[in-house]
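One structure is given below, represented as structure tokens, and several questions about it will come after.
Per-chain numbering from 1; labels A, B, C and D assigned in written order.
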Amino acid sequence: MSFNSFGHLFRVTTWGESHGPALGATVDGCPPGIALTESDIQPWLDRRKPGQNRFTTQRREDDAVEILSGIYEGRTTGTPIQLMIRNTDQRSKDYSEIARTFRPGHADITYWQKYGIRDPRGGGRSSARETAARVAAGAVARQVLATLVPGLSVTGYMVQMGARAIDRVRFDRDQIDANPFWSPDAETAALWAADLDALRKDGNSVGAVVEVVARGVPAGLGAPIYAKLDSELAAAMMSINAVKGVEIGEGFASAALTGVENADEIQMRDGAPHYLSNHAGGILGGIATGQEVVVRFAVKPTSSILTPRQSVTIDGQDTQVVTKGRHDPCVGIRAVPVGEAMMACVLLDQVLMHRAQMGETVRGTIG
Amino acid sequence: MSFNSFGHLFRVTTWGESHGPALGATVDGCPPGIALTESDIQPWLDRRKPGQNRFTTQRREDDAVEILSGIYEGRTTGTPIQLMIRNTDQRSKDYSEIARTFRPGHADITYWQKYGIRDPRGGGRSSARETAARVAAGAVARQVLATLVPGLSVTGYMVQMGARAIDRVRFDRDQIDANPFWSPDAETAALWAADLDALRKDGNSVGAVVEVVARGVPAGLGAPIYAKLDSELAAAMMSINAVKGVEIGEGFASAALTGVENADEIQMRDGAPHYLSNHAGGILGGIATGQEVVVRFAVKPTSSILTPRQSVTIDGQDTQVVTKGRHDPCVGIRAVPVGEAMMACVLLDQVLMHRAQMGETVRGTIG
Amino acid sequence: MSFNSFGHLFRVTTWGESHGPALGATVDGCPPGIALTESDIQPWLDRRKPGQNRFTTQRREDDAVEILSGIYEGRTTGTPIQLMIRNTDQRSKDYSEIARTFRPGHADITYWQKYGIRDPRGGGRSSARETAARVAAGAVARQVLATLVPGLSVTGYMVQMGARAIDRVRFDRDQIDANPFWSPDAETAALWAADLDALRKDGNSVGAVVEVVARGVPAGLGAPIYAKLDSELAAAMMSINAVKGVEIGEGFASAALTGVENADEIQMRDGAPHYLSNHAGGILGGIATGQEVVVRFAVKPTSSILTPRQSVTIDGQDTQVVTKGRHDPCVGIRAVPVGEAMMACVLLDQVLMHRAQMGETVRGTIG
Amino acid sequence: MSFNSFGHLFRVTTWGESHGPALGATVDGCPPGIALTESDIQPWLDRRKPGQNRFTTQRREDDAVEILSGIYEGRTTGTPIQLMIRNTDQRSKDYSEIARTFRPGHADITYWQKYGIRDPRGGGRSSARETAARVAAGAVARQVLATLVPGLSVTGYMVQMGARAIDRVRFDRDQIDANPFWSPDAETAALWAADLDALRKDGNSVGAVVEVVARGVPAGLGAPIYAKLDSELAAAMMSINAVKGVEIGEGFASAALTGVENADEIQMRDGAPHYLSNHAGGILGGIATGQEVVVRFAVKPTSSILTPRQSVTIDGQDTQVVTKGRHDPCVGIRAVPVGEAMMACVLLDQVLMHRAQMGETVRGTIG
């Protein structure tokens, strides 16, 4: 099935193609009485919007959100919120050249093999354009979280582009919004700018690693076994276009650690348990420890590049493919607000699930 | 909520604690008419069973499966299959010592904070014992796949233990079953044996990376957006105890690649598209390309270790915790058959979902 | 939660309020390659549209559907289909009078008690206007069924209005579209017209019973236990505004029958089993027999009436309520196309579920 | 698919056949900390148990429940509760005679047509034996409701058997447990006894109507549109074996009422809204009004009767079928505790869903 929904109780269904009249998200399960207008959503969409600097695609998309339902007098009613974004940049274009070939590394071949449909207009549902709807839904989730879990915050940033990673010694949260790469390390951001200019000139692209951190997640949030907080985050992040890996806390590095090294030791401080480290990334057994929840995901390089690559046609002919057009040389950059949105949606969903089973009483206390 | 089910149409619900009378899996949605007896399931459980060599826990668990429903005259009826495994090693033991402390890195503290329940008997639902039920369900999935997608196979193995990875030049599929580490590289297996003996002597433990490969997955299997094959695999693997990262194909390494390097070029061979590489791990846009589906996951070191670690008690006292008992020094080893089981379940679920929407006609052909 | 979705694999989520800018349905899980344009949907919406004769509300709603996604070159792509209907009759009106009172028999009081929101503008989500979205989704389901199960048809009609039922001796399928009551009995339709004129003059309203019949449902379609075809139909019909009862085949009359009377005897005819009666309404054990599937549902009288009724205000004052405005004197009439739509959606969902588990081979044959 | 689960958050999956080794229910989503032992469940199973008087089947089934998981020291842990009931009356019997014929009015023919499997041993999953698992799950739901919604009670009783209905003037709640028909009217119970003796002697059976009432359901419980309280109850009751109709409040009778008659007028009493009648059966717009929730369902006569009926064989031969064995002459009797169980499960599920979206604050107050 197409399965275009995620979330159990805070349930988001996205719809729409990159080149249709509009796309959007149907958001169901939102608590009532939450203040929400377009102006609460638009700033998050603007962060993801292309064409804001030379490092993202130069397509022009306004990404102006309209709320069609679920709001009365500026507050949520508890009924479905329909968020619609019109597609404005549907410039007429001749697709005949690419309509019968497949881009190596792109989903156009597998969509063809699954559905028997070849829609050459910008990737249809497989386009990263679908993530605009996620960001809109994530903005709703943030707004609800601000009421239900006031101290909770979600922040994403890029920690690696190509082979070059940030230096965590220079980590400065205030830098994140101050450069086009959402980099917490200004020096690395400058190097990335040079790297990416070179790659673009070569008609090439590059991958990245994004980290998303949630602070203020209450201890006890999450679930065991198949709705583990980490399992839900893994699914959410891996569902973003071009993502090929997800890790929590130490992640793959934990394979090389011993149990002695990896243990996050605990001490009482000010009458509450305090962890001396956070190898776990804030999750044990699928349930939050109360520390920062730390997720990282790897984004592969854009497959749509100007360098010719060998491929085939629908008719079974060998060919060379060059993808012209306005493509992101590093989709990892614009994946940052998308990763944040997914984190916000997953956390709100878990908040509602927790409240369903547990009510609003804190259960196991320590001390 | 507890959410102990996974899968959309081939739906597995596991139940049971490590120290209750029994545990098991309720398997719903199985097609009818598939040959299935306990003897089709038991060999897979035996692969996961502890105590088979000195590198896994010395607990004795027979893990003998009983089918309580869903089978008539040796074939599935299409109704729920109840798989029950009795717990036989419930030796009476004095838990009073550990009942009020928390192991660093273990889920006992978060379960307490969520549920307000401290069950000291072997971890309850957070115990790796729950994975026996997954392996039983996975054996059912394999049996169904053997009928529905005859050429499909699923194979798991360990590719890293601690800092030491296998050498892929020595990769030999026949070695996997020939050593206690499910290692495809016999030389590395011998080094791991020495490594692990040293760690056990030190009262320590270590992490690992497991790779699971599916061959014969038909091109077109999978789904876009939120039920992507890779998204479902990420959720499935991340839900296994102690897993902290999941990647597909190049995974995190893809961040350092350029688009030119990462493109899996295609040529026609014998009238069908043939990929010259598999950086994608067999999945594009959430849909299978027909190549090998390659998933890797990182397993953190066992948190139950003999080396004392700082922790706290329920009453809020600082303490030192030493976990005696019979624990796996590297849970990654026994995670191999579990990863295989999750892969089999996810693939069968996708086969059924694909059949629902598409029927049994192949859609988009090439050539 | 608000739970605005129905269906397992053919999944419809409706959204929108009676007086917002638009309402619609997000239709997920549709097979690809099905011909579908607005003109396939509009005729079904027109059947439900108010103001077509003096027996329905005189509100003017164009109910013009726009397809925003999921279609490429006139065919479904297998991705979500967004169906939007703009609200055109949002005449400015003074609601202040009714904003703080509750209509007896209307959901405005329970919505207030649940959500703490009093939206006086035409009932919001509780308005029968929501059913326009169902009819649009049902039109999609019909279009798919026409391809997947060519012989299948769905027909609804009114069999009772107030105390007056049709005479089945005069049942004439060709009459259904020939009178404003969807009555298969022209004589009774004429009497209903007189009845309803009198009721409207009195500022009163009346209930009805609607019957929906599906022909050509393949034997074996359906499921046991909790996804029984009759259970799904019961949920679907009971979810329609104002419906208070649902029955299959003999329904409540079966309580008074003996086992000898109620048995639908079977004989072989032309090499196939033939039932001599259809007390079962085409369903045994939740699975279709191949006969006509017959569902009836009771619609209560409209609660919005001109006759004063005792009620209370939000502030806890006793009051008298008279509901002015343009309301249907018998909502049962416009419930006919809605019941048909729900039947079509349920049947298609079951077709996809059956295909998932069974494939496209017929299993148990007789003879 | 087989879909053997119901409930969204309080989720029950039943498994097992009438003649397998055991059957049971996997209950997921139960809040933790609720006192629960086998002795809380067994009395409800005993009410449903056959062979307690001459009016139910003389099969001997102990229906002794075992809790296999989810309980620690007498309280729920919040993890899945496995409830197992062993089948004790598996007397060896020669089924060869009936193995190739179909009983008119029984699901054996549709199961065959769906699955291609003919399990003659007592009906398999289609047997009313499956309802024992529902009653066990319902007992868990009652236990949780007793904690979460202390004033809530659920009571079922028979209101009609064959053509004979109770006289509501003689309605006496204390009579319900005092006769074998769960009749609130002792006089009618005596007449039913005579009726049923005559029918049994004739090798015949008869239908019934059961009413289930919930008191103390909080105003505001429920949901709009597709998870309406009445829609969920309709699905739950219609899923019970042999049920052919479900209605809420006035139900089908509401079709004959006018809006003036059907309006449940409201007055303030003691500072709270008080309804002067309950035509609505306690539900408006899918949400509870705070009045009694009243559901009725019709149960068809048992299809397994001693009177010969015309039918066919698997091989396509005409035949006569007589069903020997120990069958209930009126399955409606034993459906009473099953209906109560379904009501309890639906209400608890709605309580959890409401708590998820709304928290534990009461929203819209009146007065």
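Assorted remarks:
Basically, a contact is a pair of C-beta atoms (placed from the backbone, for glycine too) under 8 Å apart; a residue touches a chain by one contact, two chains touch by 3 or more.
Note that the coordinates shown come from a computational prediction; the quantities given were computed from them, not determined experimentally.
Taking the mean Cα position of each chain as its centre, B sits at the greatest distance from chain C. Simply put, of B-C and A-B, more C-beta pairs touch at A-B. The mean-CA centres of chain A and chain B are about 26 angstrom from one another, to the nearest whole unit.
Computed from the mean C-alpha positions, the centre of chain A lies at a distance of 39 Å from the centre of chain C.
Rounded to whole angstrom units, the spacing between the C-alpha centres of chain B and chain C is 45.
Residues of chain A found to touch two or more other chains are 1-5, 9, 14, 29-30, 32-33, 78-79, 114-117, 125, 224, 352-353, 356-358, 363. Interface residues of chain D facing chain B in the complex, by the touch rule stated above, are 1-5, 9, 11, 13-17, 20-24, 26, 28-30, 32-33, 66, 68-70, 72, 75, 77-82, 84, 114-117, 119, 124-125, 352.
Residue ranges on chain D touching chain C, taken from their complex, read 1-6, 8, 14, 102, 104-107, 109-118, 125-126, 130, 160-163, 199, 204-209, 219-228, 230-239, 241, 243-268, 271, 273, 276, 279-281, 283-290, 298-305, 307, 309-318, 332, 353-354, 356-358, 363-367. On the side of chain D, the complex with chain A involves touching residues 9, 29-33, 78-79, 148, 224, 352-353, 355-360, 363.
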